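Quick heads-up: structures coming right below.
In the two complexes below, chain A is the common chain; its partner is chain B in one and chain C in the other.
For the complex of A and B:
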């Protein structure tokens, strides 16, 4: 165990080292003016822009809009993905019928349909929620199908022979057997929702973090744009850590 | 408590019939379609209380199908199967439990949790779980591994635990579907010996499916030799050796005589079965020719 801990510590150190190195390269390039500040502003300028953003009052409302959209999109994706995936996995025929269809839809660049989302749901957050939910639906549905249709027939047979009821079969055999694959789908879906909502906001919207990033770029305010981007990156890293933690806790139970 | 009832081979003839199979046939797929396979053809068999019966035959002869019909996991296409006089229409976990290969232990539960869940499925009150589990684990010498996960144990240990799970369910009938197939020769022999001892003590009725001739002779009171598909009963071989059996039994001339007799009975059936299935091992040309 000690060796394993040491190993993860070492891995962590290298990962942090990588981030520090990226920051240092940025600093060196900007400080020596090797890249024009229009493309790569000085970290200090970004920090000042960030401080202004946070104190400006619009920051938290933008973050609030974006986070709410992500949570709503993800919630819809998860509920629909789990339900559809589970129903499809119930019979071998429906799996053979629907799984390739769902996989094919996921392969289509749904981004191309974004203007239609705007037409239907308007420029407000609803279009971003719908867009994120549609994109995030697929990995949940596909992994739920894979998880439940991949449950070993011998486990089901053994449980049946012991007299397991339908509910017991689901709770004690199907669910734990499918769980690891389903959780992977949930995780992928979360980051797809995250990226879709931000991307949607950047392309066309009236509010949210993505909109502010696009706006700062249009106004040629690279420091403000980078302040937002660094904020998104840090948020993504924190969310990733939270999701990993929840996932490993879930696997233990 | 009774003293361990060391059963004599002759007990079986007078004991009541527990499992009664009459004219059972099983067809997979609609009759007449090209996919249709007749797995069992008019099989009749009575199994008496306390008997150890082996179903032996070539691959695909329907022996596992017959076991699944007895266990209520598969319906017969025609004929009837009864347990204690009751028509078998589905699993009867109060009367019959299965021991499959070791891989049917649920890997997401510890050994104790595996037993608890089996007892829960079977409808045993929770107050009895831990007592039954520990007794069964002790009987196979695995009590110290109660809190391990299955994949922390060797294959042989897992099968010991798996056997104990069947015992903990305390049904009168135990159906064993090639439980030792994944084990190496030595482990099989040791587990076979343990099984013989355990069964002599519990007086359970066992139906055991195997490919192994030696295993069949060593464990069984009666060996049902089946034909290649469609599976019919070709003949029944009585072993007539009391339980528990010691490894010395394997050294007796009678053991090898019985084994040879079984082989002679099966040889033609196995050739017929492999030819019918175009087994790539039997016909290596098809592997390289295509």
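For the complex of A and C:
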């Protein structure tokens, strides 16, 4: 629907203008010291801090710790979420029994339980992995249930009457019908794992990107803190664009 | 039950299986409750017999320390009351700004196409990396928690207001305008009724996110408020009050969610 949501020259100009304006306002405020450099350091200072970070050895080790935690948390969340979601969706009864319970758990902010993760798993990466995995489990499980239980009964009946085996039923009927919903759950879960691991590291940790941001804030080193923040935000936005591009390409096929 | 319950008065077939108790529309609720009871009992037995008591206290212990330690301590009570206030204020701000900005963004098609991608771009930022900055700017007190809760809560509301306005049939808008409706009439009688489902979906998600933002900031600031007490209980290896304060806050979070859901049911009833 290009007419309803598409971009024209005018809308693109406003979007680019917004980004340029944000950059200019940041520059102007920082250059004239209208905001204390503690809250808003000069972009050049941030750039220099970033260059120092990357050339130092700690940058990649912190990124490595965080990335490993995210991948582990996401892996656990996906495997458990798909397995639980698929099993629950197998009968109408178990769907109606378990789905509201899982949805109710997800409505409670799981962040509340973060101190328990620290208590049990310590302040190392394991607590962040467990926390991210638990948080990321829910969207995968809920969307897997929604996807598989939403497959039209007439498709299932038609396939069965044509003599489809269990494997054929799964491969040709259930999976294609459930796939788009499941993929949405996988996407949401990834960004939840991403934010959970970083948040957990910021709150209580000894290493990782989140810890580095919190540490820079405690030491009142705003340039280094902003360098990390901008790095994470740019990474997240690029990831987001890649994922939505892949998803929309997948939908077209 | 003073009124005779006719379903129990009906003679029952003697050979019904136990599973029948969990069948039917009421049965599913009974089954769900039974599952919760079983889970609580299993946790209790596990904690009493197998678990390490420094990590996993029995729920009965947790319940006792909820009354003996958590609710009896005026400082903890104060911290919890502060959190409730922070959530309320942050959520109120989220609704006001989310609705206002949403209307501004969604009012014209050009405005929406030009500015909505900017909103979505900002929404995609993992805000948790800004938490140390929020605390630096707004301080250790209520300010940073309200601000962080607001920054989480406002986006889902804003996005859903815009999405809801997009679904309003332009024919109705033009019809109302041709009958002389001004902007306020248009909003009150045409746009708002159409965006109610989407708006309330945003309010629900906005509440979840506001809770997340406030709690994240509460836990991050470990020198005062709830974060201080969770840190103390965790460090002194005193898990029962830690679990108690967490479960108390979870109950508060559920209450906030339920208030929004009740409001949603009330306002969307006419549609069903």
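Points to keep in mind about this one:
Going forward, the second predicted complex is superposed on the first by the 224 of 253 C-alpha atoms of A that agree within 3 Å, B and C clash if a C-alpha of one lies under 4 Å from a C-alpha of the other, contacts with A are read in each partner's own complex, and residues count from 1 in each chain.
The definition used in the following text is that a contact is a pair of C-beta atoms (placed from the backbone, for glycine too) under 8 Å apart; a residue touches a chain by one contact, two chains touch by 3 or more.
All of these numbers come straight from a predicted model, not from anything done at the bench.
Taken together through their common chain A, the two structures put chain B and chain C side by side without a clash. Seen from the CA centre of chain A, chain B and chain C lie at an angle of 80° in the overlaid model, rounded to the nearest 10. Of the two partner chains placed by superposition, only chain C is touched by A:112; chain B is not. When the two complexes are overlaid on their common chain A, residue A:173 makes contact with chain B while staying clear of chain C.
In the superposition on chain A, A:55 contacts neither chain B nor chain C. Number of chain A residues touched is higher for C, counting chain B against chain C. By the touch criterion defined above, A:161 reaches chain B but does not reach chain C. In the superposition on chain A, no contact is made by A:32 with either chain B or chain C.
Here's the short version: in the overlay, chain B gets within 10 Å of chain C at its closest Cα pair. Once both structures are placed on chain A, no chain A residue is touched by chain B and, in the other complex, by chain C.
Contact residues on chain A toward chain B in their complex (touch as defined above): 152, 154-155, 157-165, 168, 172-173, 176-177, 179. The touching residues of chain A, counted against chain C in their complex, run 4-8, 10-11, 14-15, 18, 38-39, 93, 96-97, 100-101, 104, 107-109, 111-116, 118-120, 191, 194-195, 198-199, 202-204, 209-210, 213-214, 216-218, 222, 225, 228-229, 232-233, 236-237, 240. Put simply, chain C touches chain A in their complex at residues 28, 31-32, 35-36, 55-56, 109-110, 113-115, 117-118, 121, 124-133, 135-137, 166, 208, 211-212, 215-216, 219-220, 230-231, 233-234, 239, 242-243, 246, 249-250, 253-254, 257. By the touch rule above, chain B contacts chain A in their complex via residues 71-73, 91, 93-94, 96-98, 100-101, 103-104, 106, 108-109, 117-118, 120-123, 169, 175.
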